[in-house]
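In the two complexes below, subunit A is the common chain; its partner is subunit B in one and subunit C in the other.
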Partner chain A sequence: MRIPILKLGRYLLISVQVELDDQTALQFQEDLLNKIHQEGSLGVVIDLTSVDMIDSFIAKVIGDVVEMSSLMGAKVVLTGIQPAVAITLIDMGVSLQEVQTALDLEQGLERLQQELGG
Partner chain B sequence: MRSIVLQHMIDNKDHYIEQWRVSFGELLFSRSESTIKPQYIQDEMKEEFVSVIFDTLTMDRHSRRAVVKRFAERLIHDGWVVSEFIMSLQRLRRIVMKDLSNHYDKEKFVDLSGELEDWLDEQITDLTTEFAKNHEEVKAIQNVALKELSAPLIPVFDKIVVMPLIGTIDTKRASQIMENLLDGIIEHRAQVVLIDITGVPLVDTMVAHHIIRASEAVRLVGAECLLVGIRPEIAQTIVNLGIDLGNFTTKSTLKKGVEAALQMTHRDIITNEEPVTGGGLN
Partner chain C sequence: MSNHSCIEIANEWGIVSARQAGRELSKDIGFGSVDQARITTAISELARNIYLYTEIGKIDLEEISDNHRNGKARGIKVVASDKGPGIENLRDVMVDGFTTSGGLGAGLPGVKRLMDEFDIESIPGEGTTITTIKWLR
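What follows is the complex of A and B.
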């Protein structure tokens, strides 16, 4: 199972619509980094609207992906984290301190645009 | 099948009622909740109580319970204090016991007093159970009301919502706050949430911890949290307790918070040079 990564101008869009298991998450991490390298993208929006559960491993992978992407010069915004997921993450002590977030895809893109100066 | 004790009580009913009534004077309705009721109501209640208790002597277990239950409901409805009735029943026990010990020899007395205890305990249990049940119901209703009041979320501007908190915050309420906060953000598509703690009497490490957690969760769903309404004494407590609110934007009043929130969403309040005609401010 691979998560599709869409290119939109200078940005990459990912909408996670499957249950994230460890293997899928790691595969995704690799795919995304390759894609960033290939396209020279400046921003990435990962939309988690349809994800109802994140365990600590997935949370760690997401945190890592964000850090790796920014090393490669792409800003990442996480969007659409559901309240239940947010509460679980906080309960696990994962606050994704360094990660940018936005309410939905639209606001996520706006945010990227602001940060990258239009 | 009626025990000797009950038969004995029925036979000597008038005698006991008389004695019991005498001891009522000092016992029943000595609490202030009862004494503010008019004398004639107190008297009526005494009579009813006496008749309820002695009427139940001739009934079977089932109808006895029904009668006591109905009586208890009346007491609750009219706001009587249950302890006075219990104390009166205990007084009745003493009167009957004393009488029994005069009439029967020691062995018989032990048997009989056991029966008396059973009967009286049953009345007391029924009465208190009814009161306890009523308290439980009231508590449940109040809990629902409290829950509804505990964490309201008010949209004040486009993309800006306010959650005014009033009263003490415990763990249960904190999770309620968190849920309402996050659901409200999604529902109103809010970007900035103002948590107003003007009405929170005490901010200790626990409360601060809950607020910090809430704000982290808010950030994860993609909004930002402003803490407003920090009173001087709260600021002192926070610093004295060494609570780190460094990652927090805090403001002293809701007004300043709203201004900051507008700025964060790239808006501003401006004063029109000339009076606005038709329509309000944008």
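What follows is the complex of A and C.
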């Protein structure tokens, strides 16, 4: 299964709508980095509204892809993390401290625009 | 017991099946969305350990009730068992950040925090059984 990555100007938008198995998560990591490279994207919003569970493996994959994107020069904002998912991540002791977040897709895009100066 | 299911973890698809079954059962029992996420995440961690460290294992999910707790406490029991190499250093694996797989090292200590009861039995060379329970409040 592949997670679709949409291009919007210099940004990339991803809405994760599938049950994240390990392979899909790792494939997404690779696809996103390739897409950033190909499109010369400056910013990425990953919307997790439909994701009802993030375990330590998926948290690591997400944390890693944020860091990898940053190495390439693209800023990533995660949006739409559900209350139950946020609570579970903190219970687990998983902290995504370096990761930028916003409430929803709209605010995520605003955040990118502020930081990247439009 | 009325509700019982067993999911074999032979590959990574087993992880997805186990957590889907866990979410359904915890919803049926009446857990709220936060506890559903906790239980599903705990199952995912346990299933991944089986997938990563052993050839094959299984996750048993069961609705339970406890008559000692004010009559009718209900809950979900999750048992992860495998016939893998076992864990030699049980104390180390329960420490946050300890990992042999390059992961976050949040797995087992995380499961312990997500669930109400946690018990691990492991015999090197024979296998590991982890039993966890979450009670409905």
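Remarks
The rule is short, and it goes like this: the second predicted complex is superposed on the first by the 118 of 118 C-alpha atoms of A that agree within 3 Å, B and C clash if a C-alpha of one lies under 4 Å from a C-alpha of the other, contacts with A are read in each partner's own complex, and residues count from 1 in each chain.
Definition applied: contacts are C-beta pairs under 8 Å (C-beta built on N, C-alpha and C of every residue); 3 or more make two chains touch, one makes a residue touch a chain.
This one's a predicted model, so the numbers in the text were calculated from it and none came from an experiment.
After superposition onto subunit A, partners subunit B and subunit C are found to sit side by side with no clash. When the two structures are aligned on the shared chain, A:Asp21 is found in touch with subunit C, with no touch to subunit B.
Once chain A of one complex is fitted onto chain A of the other, the partner contacts of A:Thr79 are limited to subunit B, with no touch recorded for subunit C. In the superposed model, A:Asp52 makes contact with subunit C only, not with subunit B. Vertex at subunit A: the C-alpha centres of subunit B and subunit C lie 50° apart in angle, rounded to steps of 10. When the two complexes are overlaid on their common chain A, residue A:Lys60 makes contact with subunit C while staying clear of subunit B.
Judged by the touch definition given at the top, the superposed model places A:Met68 against neither subunit B nor subunit C. With both structures placed on the common chain, the touch criterion links A:Ile87 to subunit B and to subunit C. Superposing the two structures on chain A brings subunit B to within 8 Å of subunit C, judged by their nearest Cα atoms.
Residues 82-83, 85, 87 of subunit A are contacted both by subunit B in one complex and by subunit C in the other.
Taken in their complex, subunit B has these residues touching subunit A: 178-179, 182-183, 185-186, 189-191, 213, 216-223. By the touch criterion given at the top, residues 12-13, 15-16, 19-20, 23, 33-34, 36-38, 40-41, 44-45, 48, 96, 103-104, 106-107, 109-110, 113-114 of subunit C touch subunit A in their complex. Against subunit B, the residues of subunit A that register as touching in their complex are 78-83, 85-87, 89-90, 95-96, 101-104, 107-108. Within the complex, the subunit A residues that touch subunit C are 19, 21-23, 52-57, 59-60, 82-85, 87-88, 91-94.
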